[in-house]
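Okay, so chain A shows up in both of these, paired with chain B first and chain C after.
The block that comes next holds the complex of A and B.
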């Protein structure tokens, strides 16, 4: 008798729990992600930037016969756009990364491109992976998503075919984590948040890879869930499995954590005034817009005030008034 | 300061791009019903349990291919003891599932899965056995 009552109760509790895990948490996380990101960006947009404060990484535009660096020290809006494009798409500032070491009691100073390469590989493969996920959220699947999947699985290794972006993202994340652990100086300045973001990303990537190549998942069930989430008619399909659940919860954690962590550099990189402003301070006068009228007392006024005394002391005057 | 319209414009663009699946799905009135697949022949049992086939049929098919092409394993014994002829066209499609277009494609297109080179060699819908024999005989001569 007790079992007759308990089993449906447990089942409905499990159903509710599943609904919270598969629907409630993703919705909450995505709402926090979008709301939080907008809040951060609006906060930055409202911050005053009265003057041009770009970091200069090359010769400023000055006299026509002095060669300037239009991308590293742009003096026009177009140049600033170019500089931002280089930064956002190719991580130019990381490309300039260098490193000093002592070898045989000699101080050696040189380029270090590994961070740039690892970061570039990680970010671009993450973008490809995110766009590829659209095949689960949109019905019918957009052509460019299918095309990306085809190019990504070009070598047709195994079934389902191995995505190159999966290999690249795992290698890049592993490198980015190991360099924090390996390099003593880097380990010294690494904080919890540095590891947390990396481990969340690594966990998400690993569970995703595991689902595709290892434990398998019912893709149709996953897509039904994804479309239900996207079109606000959530369904809780059976048989999506524990690995998918971990994947989804890690993504949700990442999304909710995003706006309040260093990950928000996704928006912040566009709004850093040391990089997105044209260095035209010598061509254009930038007046602080909230300058209040300052009470001044010029020399001419002062001279006028003390004219008779100055005359008596026979001090020469700027403005001689002959009366 | 003066860049606020630009920033807010960029933010709106970002939000619009991120919510692409939402407005696309709402506009297309996407349903949460998955594709309906039905075997042509009313058989209860596939070569492996349904849940396994749904998630991992590609593993089985690749194993079949490798076994048949490289090790001449022409028969597959299912867990319940039934022996099947290893053949995508001959066994899977002809005996139960009909054709690629009716069976495979419904899920593959739904989930955006491009089939790995199965159909470079296999035919679908299966050609009639008599014609195939005739074609084979024609090639022999």
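The block that comes next holds the complex of A and C.
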């Protein structure tokens, strides 16, 4: 008799638990991600940019016969857009990186492109991987996603074919983590959040890779779940497996953590006043919305104070005051 | 003989940056501002105090003042707010700071310098920091932290080199500027900044040179120039209706080697017959308000436009100075404009309209002179600079806050026969600070200045050994004031000069007498090295 009551109760409790894990948590995490990111970006945008302070990294636009650097020191809005594009898509500033090393009692500055390469490899492969995931959320799968998958598995290594982006993202993450541990300067400044973000990303990527190349995962079930989530008609499929669950929870943790951590640099980079403004402050007046009058030492006050000295030195006094 | 001075060690940091304890060691910090100067500017908490003392005599509500000050600035400056949030501690900036390279103090790595204030921001202004505290990178605000801020925000010269390399453009200069503003709210300022600011406010220039003495210095300069050239130049001061107001850093008329640059300006203006005027009221282009607070910057800057308006000039020409041009280029018209009482600058000699300065109506002397040279309006005899093998040090502010890179080089290459660039990672937008910028060029701070200037001196040493460079030219008054000491220590045998000193040497003036000396009064050619006894013996 007791069993007759207990079994359905347990079953429904298990069902509710699964619903929370597969639907509730992802929705909550995604809501926190969107809401939090908006809150951050709006927060930044609400603070004005009182002064035009681009960091100029090349020749200014001045005399017509002097060649200016339109992307590293733009003087037009279009140039600033170009500068931002280089910054966001190719990490222009990081590309300048060099390393100061003591050699023969002096500093030499050798090229150091590894950080740039590691960062670029990580961010681009992450983007590719995110876009590839669209095949789970959209039916029919968009052509560009299929195409991207084909290019990504171009070398046809193994079955299922190895995605290059998976290899790249793991290598890049490993590099970014190892340099934090290896480079003593970085270890000095690295905080809990730096490692936490990297480990979450690494865990997410590893479980993802494991599902594709290691343990089998029921893709049909996962896709049912994904489409259900995307169309706001959530279903709780059976048999998605423990690895998938861990993957999903890590993604959710990452999404919810995002707005409150350094990961918001994704949104912030677009608002950086040293990069997104044209260097045209002598061509066009920039207005400070909170500009307020200040106490100055006016010419009249100054002339009054130094009148004797000015007369003695025969420096002309202001005619209006001197009659 | 081995020279141990050049042995800068790269020891990896071991300590914990969260520990705010600072040892105020003589030679690495600046004296506190005298109460009378703080009072003269109406700044808070004037008192006698010493950074090395345990008791800084802070106001009792100091913590509230700082937190309110931070809240206000987070609302006013997107730069500040954003730079508090977006750093990922990638480390690209770490070895870009000259103070870090010269001192090996890990808190001089730009990301750590910013973290000193960022950790307080996290603890008091972000949800994660409020809840998780140090786990989220937060730090309690204590008096120790204020002392740490003072030490390290007066160990940053706001040179912006780190910001060139930051993938998000985080500018430590912005953070230092805000940090110093906050310290100023508690009356924690340094004398080498506050005293010149107070003198500039009341008298008109950093050394407090009064109008009659100002005129005397200029006339004395005219006397010296007459001795060299045989030509007497005019000294128009406060001349109403002149076409151009000329503003220079005051060091140009009271310090050497700046002084020879002034002689250069004077000969140039005379030769082209420029209708211009000096001003005793706006007798300072430099602005130590930039190193105090945005408000103080505006208060000191106001007199340039006020004087231009009063004198009825058409436009303004500015002399050689670094931070002065940061203010003129990026702040002046926003703060004290619009400059609608002026005209877009047009060179009276070439007819060139300076489109890049059409709104602010202020032109850099190097832009002006480069234009003259391009149009062949003046004649130069570069042989007169033949005793010099010249390199050019890009001053931080014109390089990274403006992009004035080619104009001075164009002038130099026309005025000198021997010109050699320093290595590419040490010039142009990657230039290294002299180590004394942003008000830190005071003598009690000498050790830190020499350390901070080490990377720059290093590059000079390279061209000295490779090309025999014996003169470093620059367009910054702080450089001219502090680099002779720096170079004497690290690279003896290299002197410092302004670009317009070299121009003045080379300028062929109508009706001049035959020149036997340069503007310094030295023979035009280097003395023939005496044959050493050793060489005679060994043939």
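By definition in this document, the second predicted complex is superposed on the first by the 282 of 323 C-alpha atoms of A that agree within 3 Å, B and C clash if a C-alpha of one lies under 4 Å from a C-alpha of the other, contacts with A are read in each partner's own complex, and residues count from 1 in each chain.
Keep this in mind: a residue touches a chain if its C-beta (ideal position, glycine included) is under 8 Å from a C-beta of that chain, and two chains touch if they have at least 3 such contacts.
In this text the structure is predicted, and so the values were computed from the model without any measurement.
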{"item": "Touched partner set for A:103, first chain B, second chain C, both or neither", "value": "neither"}
{"item": "Chain B versus chain C as contact partner of A:285, first or second or both or neither", "value": "second"}
{"item": "Which superposed partner A:227 touches (first chain B, second chain C, both, neither)", "value": "first"}
{"item": "First, second, both or neither for A:194, with chain B first and chain C second", "value": "second"}
{"item": "Touched partner set for A:158, first chain B, second chain C, both or neither", "value": "first"}
{"item": "Which superposed partner A:219 touches (first chain B, second chain C, both, neither)", "value": "first"}
{"item": "Touching partner for A:49 - first (chain B), second (chain C), both, neither", "value": "both"}
{"item": "Touched partner set for A:60, first chain B, second chain C, both or neither", "value": "second"}
{"item": "Footprint overlap on chain A, comparing chain B with chain C", "value": "44-46, 48-50, 271"}
{"item": "Residue ranges of chain B in contact with chain A within the complex", "value": "1, 3-4, 7-8, 10-11, 14-15, 18-22, 24-26, 28, 30-35, 51, 54-56, 58-59, 61-62, 107, 109-114, 116-117"}
{"item": "List of chain A residues in touch with chain C within their complex", "value": "40, 43-53, 55-63, 65-69, 72-73, 75, 87, 91, 93-94, 96-102, 105-107, 109, 115, 119, 179, 183-186, 188-194, 260-262, 264-265, 268-269, 271-275, 279-288, 290-291, 294-299, 302-303, 305-306, 309-310, 312-313, 315-316, 318-319"}
{"item": "Contacting residues of chain C [partner chain A, same complex]", "value": "3, 6-10, 12-15, 17, 42, 74-82, 85-92, 94-96, 101, 106, 109, 111-112, 115, 126-128, 135-137, 160, 163-171, 174, 201-204, 210-212, 215-216, 237-240, 280-281, 294-295, 298-299, 302-303, 306-307, 310, 329-331, 333-335, 337-339, 352, 354-360, 362, 367, 370-371, 374, 399-407, 410, 423, 425-426, 428-430, 454-455, 458, 461-462"}
{"item": "Of chain A, residues touching chain B in the complex", "value": "34, 37-38, 41-42, 44-46, 48-50, 134-141, 145-146, 149-150, 153, 156, 158-161, 216-221, 223-224, 226-228, 230-233, 235, 239, 267, 270-271, 289"}
